[in-house]
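Chain IDs A, B, C and D follow the sequence of writing; residue 1 opens each chain.
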């Protein structure tokens, strides 16, 4: 149960944090269609996060932070809003700031591809709840990956400026990659973009960006630990 | 005593928030000398804030937020870190984001000039503590105003780009001015910069910037209401 | 002329004018201005609520808020499309907006200062918008009327969500109740100003009503809003910040005080608390996104050339 | 030659070489590289601690931290000035830094993840810097040695402040104690790496020692650091993350494990957790400030022209 909870936390935190990053695009995107599309992906990931955090709490209630007696905060929110940065299990890749739309696209391509591969594997998991979450998530992540791939190619093949930005954005996120899926390699090939040469970056815990993200995300919830929302 | 406390809160909050804004320049300034100068001004204002918040708490202890029993947090920190945005008494002018160095300079010129005039008047105040704080502050604020005035003229008379930015920066902060001191008018004359035409902006409470500033400023203190630092 | 007579007949019968139909130039221009202003309001209106997406205090509320702001982008899309049937492009209208040549609803020049504002905007601002917009579902211009039908449905969903947030907060802690009251105090008067100036200072109303692109006067709609809202405020347990507010048996309506029309004029003139901020945000998003839009155009052209 | 002999004599007598003195080209180049690297470390070193200025948990700590980071900018200034006596400009060196052509201390490529890191950096990182720098007060190049005297004084003040922060936190809550331990766990090994690779992999040490611009070997300094720190850690009540750490009666020193030199090489190569972030921050500040520096230059020129 502890292992299952940790797995759900890792998958849930990745979804929560990337959803938060994508939600930061809201009202800032290059056009209305992209604003809506990025919000859609953020909403899908937020949905995944809620299911996964709830599953983690059910599998091992000891992972849920203890709140003041009488607090009506549900487990998913206790996990999202009342853990310190050090207790989060997300990867550094999702924590990074958005950068421009090219960097956001490059990151989404890496994350969605790796997550899709992982969700495909999870359909064989022993936990039926996780299997159901994965089945739903596979459809969503396929769309996210395809969206990112399509824009990756568009930016690579669009203008000199968009190509320059795409390459810079990819280089910025590349050191934080985990596995590079064949789907990514294929998109790079179609886009005629070379894999960056940088090695994987040494990790000593999270990025500096995570604690700033959480300071903002958690501020209202923490000011009202007995609040109802 | 209540009135004195409110006056000290207003003056203290202005200093605290502007100090915070200036401290955001640290490691971002156009050169090392400016980095050091902006930190100096931030430190002066932080010192004023600490004296004024402590004076407010002494004059009327009811203004200090109540913390959990056994909390070692001193009154100045309870006021700085445990009030919500709505309880802050600062002006919108100090809350605004820094913008570029021109906008920072224009804002500092307005604030330091108005605050200097106010501190000059405070030297006649009935409260001897406030008189002492004002006496010390007058020297500091004279330096802040002169620093801002010198850079205001430099940017106005420097290059076409610096003049364009200075005018834009002044226009951005101008609607939030309170009194415009003769010293400001004089600097504008020397710099050959016209007063912007915009009216004073309608106020319905604080700016949206304040709650974001506080979310960051207060995050660690609030996570540890019984902490010692 | 024959064309004019046909147009007048359609208006008289409360039928729809369609884009291919003949229409007077003044009608077209007024409609473009009105639809554009409405579209701009949806887009600028994303900002005050969007300000709290990253700070939503529960995951459920975050999903609701993000979806709501996304809906506003969608409303902007429909409305720009309706305007485009009149021969202007979205890009032209966007440029008019960011150059300050076209307006948007003055309400969005007020800041959002607490999470309660998300609820208050849903309740009062969307509420006022619905009062304004429901009659527009019967507007004489087809594409606009059809867009309004879809938008009104979503708006009333948003309004219920906003009211439900406030209701939940009122059941919470003392601090939460105080937060709701403080928010309502700030938004009440600006919400009433959303219907525009008093009828005797609203010179365009008569022509717009004759053309069937406005169905009620400003003061009528304002009264409708007050009558609708007072019982909701009572159910919520908040006090509306107007001591003169009282039921008038004779009129069959609530009496209420005049909003501060000087403030309204200041906000319209550009001196609202957030006018500059809202336009700067929109301008920056538009300019920062230019290279993406250019890349998409260039890529589409390349694909076309090779296919 | 006569000049060389004079230079050698000065070195031998532990006297100072001054900028106007003759010096071998290799000495000048090595010094420029070393002083620049040191100056860059001060400037880049503003970032990890600066990351917490806006979140300092008390006004007193905010003042201490802001003043400390300001001191680092001051140290950068002295050191760039010392380098300038060797015929390079601050601007040239800054450009070398942001183009990645000169290095800075690898420690600053690690992230700061909690407020305890401010204390740990003061204690361990400034502690290591002092071990490195105290001998440099006797370095053979005058301006560098004099800058180091001033810097070392301030650094040891900073080190005490850092230690005092940790001590205060250890007297606080359980969460604070855990935060300190977690921070020390992250910084211990990177701090030991600050002395550079083991002596047998440090090819330049011999020449630098001969020139009197390095006074001790890397391993000597590392041992000094460990010996100094272990009792301080005990007083603090934290565990250093090295199970092999033990007093060796025979050697009169603490035994300790080898740092992960692969990690060190990765960080040096640019693959540290924050290398790209640190350089991008510095580059952006430099580029964003260009118009201000140009304005100051233009204004000064105008003033000169009219005076």
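Please note the rule applied: a contact is a pair of C-beta atoms (placed from the backbone, for glycine too) under 8 Å apart; a residue touches a chain by one contact, two chains touch by 3 or more.
From a predicted model like this one, the values you see are computed outputs, not experimental measurements.
**Student:** List every chain that touches both chain A and chain D.
**Tutor:** Chains that touch both chain A and chain D, as defined above, are B.
**Student:** Between B-C and A-C, which chain pair shares more contacting C-beta pairs?
**Tutor:** A-C is joined by more C-beta pairs in contact.
**Student:** Centroid of chain C to centroid of chain D, CA atoms only: how many Å?
**Tutor:** About 57 Å separates the centre of chain C from that of chain D.
**Student:** When the C-alpha atoms of chain A and chain B are each averaged to a single point, how far apart are the two points in Å?
**Tutor:** Spacing between the chain centres: roughly 38 Å.
**Student:** Please tell me the distance, in whole Å, between the geometric centres of chain A and chain C computed from their C-alpha atoms.
**Tutor:** About 33 Å separates the centre of chain A from that of chain C.
**Student:** Of all residues in chain A, which are in touch with two or more distinct other chains?
**Tutor:** 84, 215-216, 219
**Student:** Mind pulling the chain C residues that touch 2 or more other chains?
**Tutor:** 55
**Student:** Select the category (line, ring, star, complete, other) that matches the graph of chains linked by touching.
**Tutor:** other
**Student:** Chain pairs that touch, all of them, please.
**Tutor:** Taking the chains two at a time, the touching pairs are A-B, A-C, A-D, B-C, B-D.
**Student:** Under the stated contact criterion, what part of chain A meets chain C in this complex?
**Tutor:** 16, 20, 23-24, 26-36, 39-40, 42-43, 46-47, 49-50, 53, 73-74, 76-77, 80-81, 100-101, 153-155, 157-159, 161-162, 165, 216-217, 219-221, 224, 226-229
**Student:** Within the complex, which stretch of chain A touches chain D?
**Tutor:** It comes out as residues 84-86, 92, 172, 175, 198-208, 210-211, 215.
**Student:** Chain B touches which residues of chain D in the complex?
**Tutor:** Contacts found on chain D: 43, 46-47, 50, 52-63, 66-67, 69-70, 73-74, 76-77, 80, 115, 165, 168-169, 171-173, 175-176, 281, 284-285, 288-299, 302.
**Student:** Under the stated contact criterion, what part of chain D meets chain A in this complex?
**Tutor:** Counting only chain D, the residues touching chain A are 51, 55, 110-114, 182, 186, 190, 263, 266-267, 269-277.
**Student:** Along chain B, where are the residues that touch chain A in the complex?
**Tutor:** So the residues of chain B touching chain A come out as 84, 212, 215-216, 219, 222-223.
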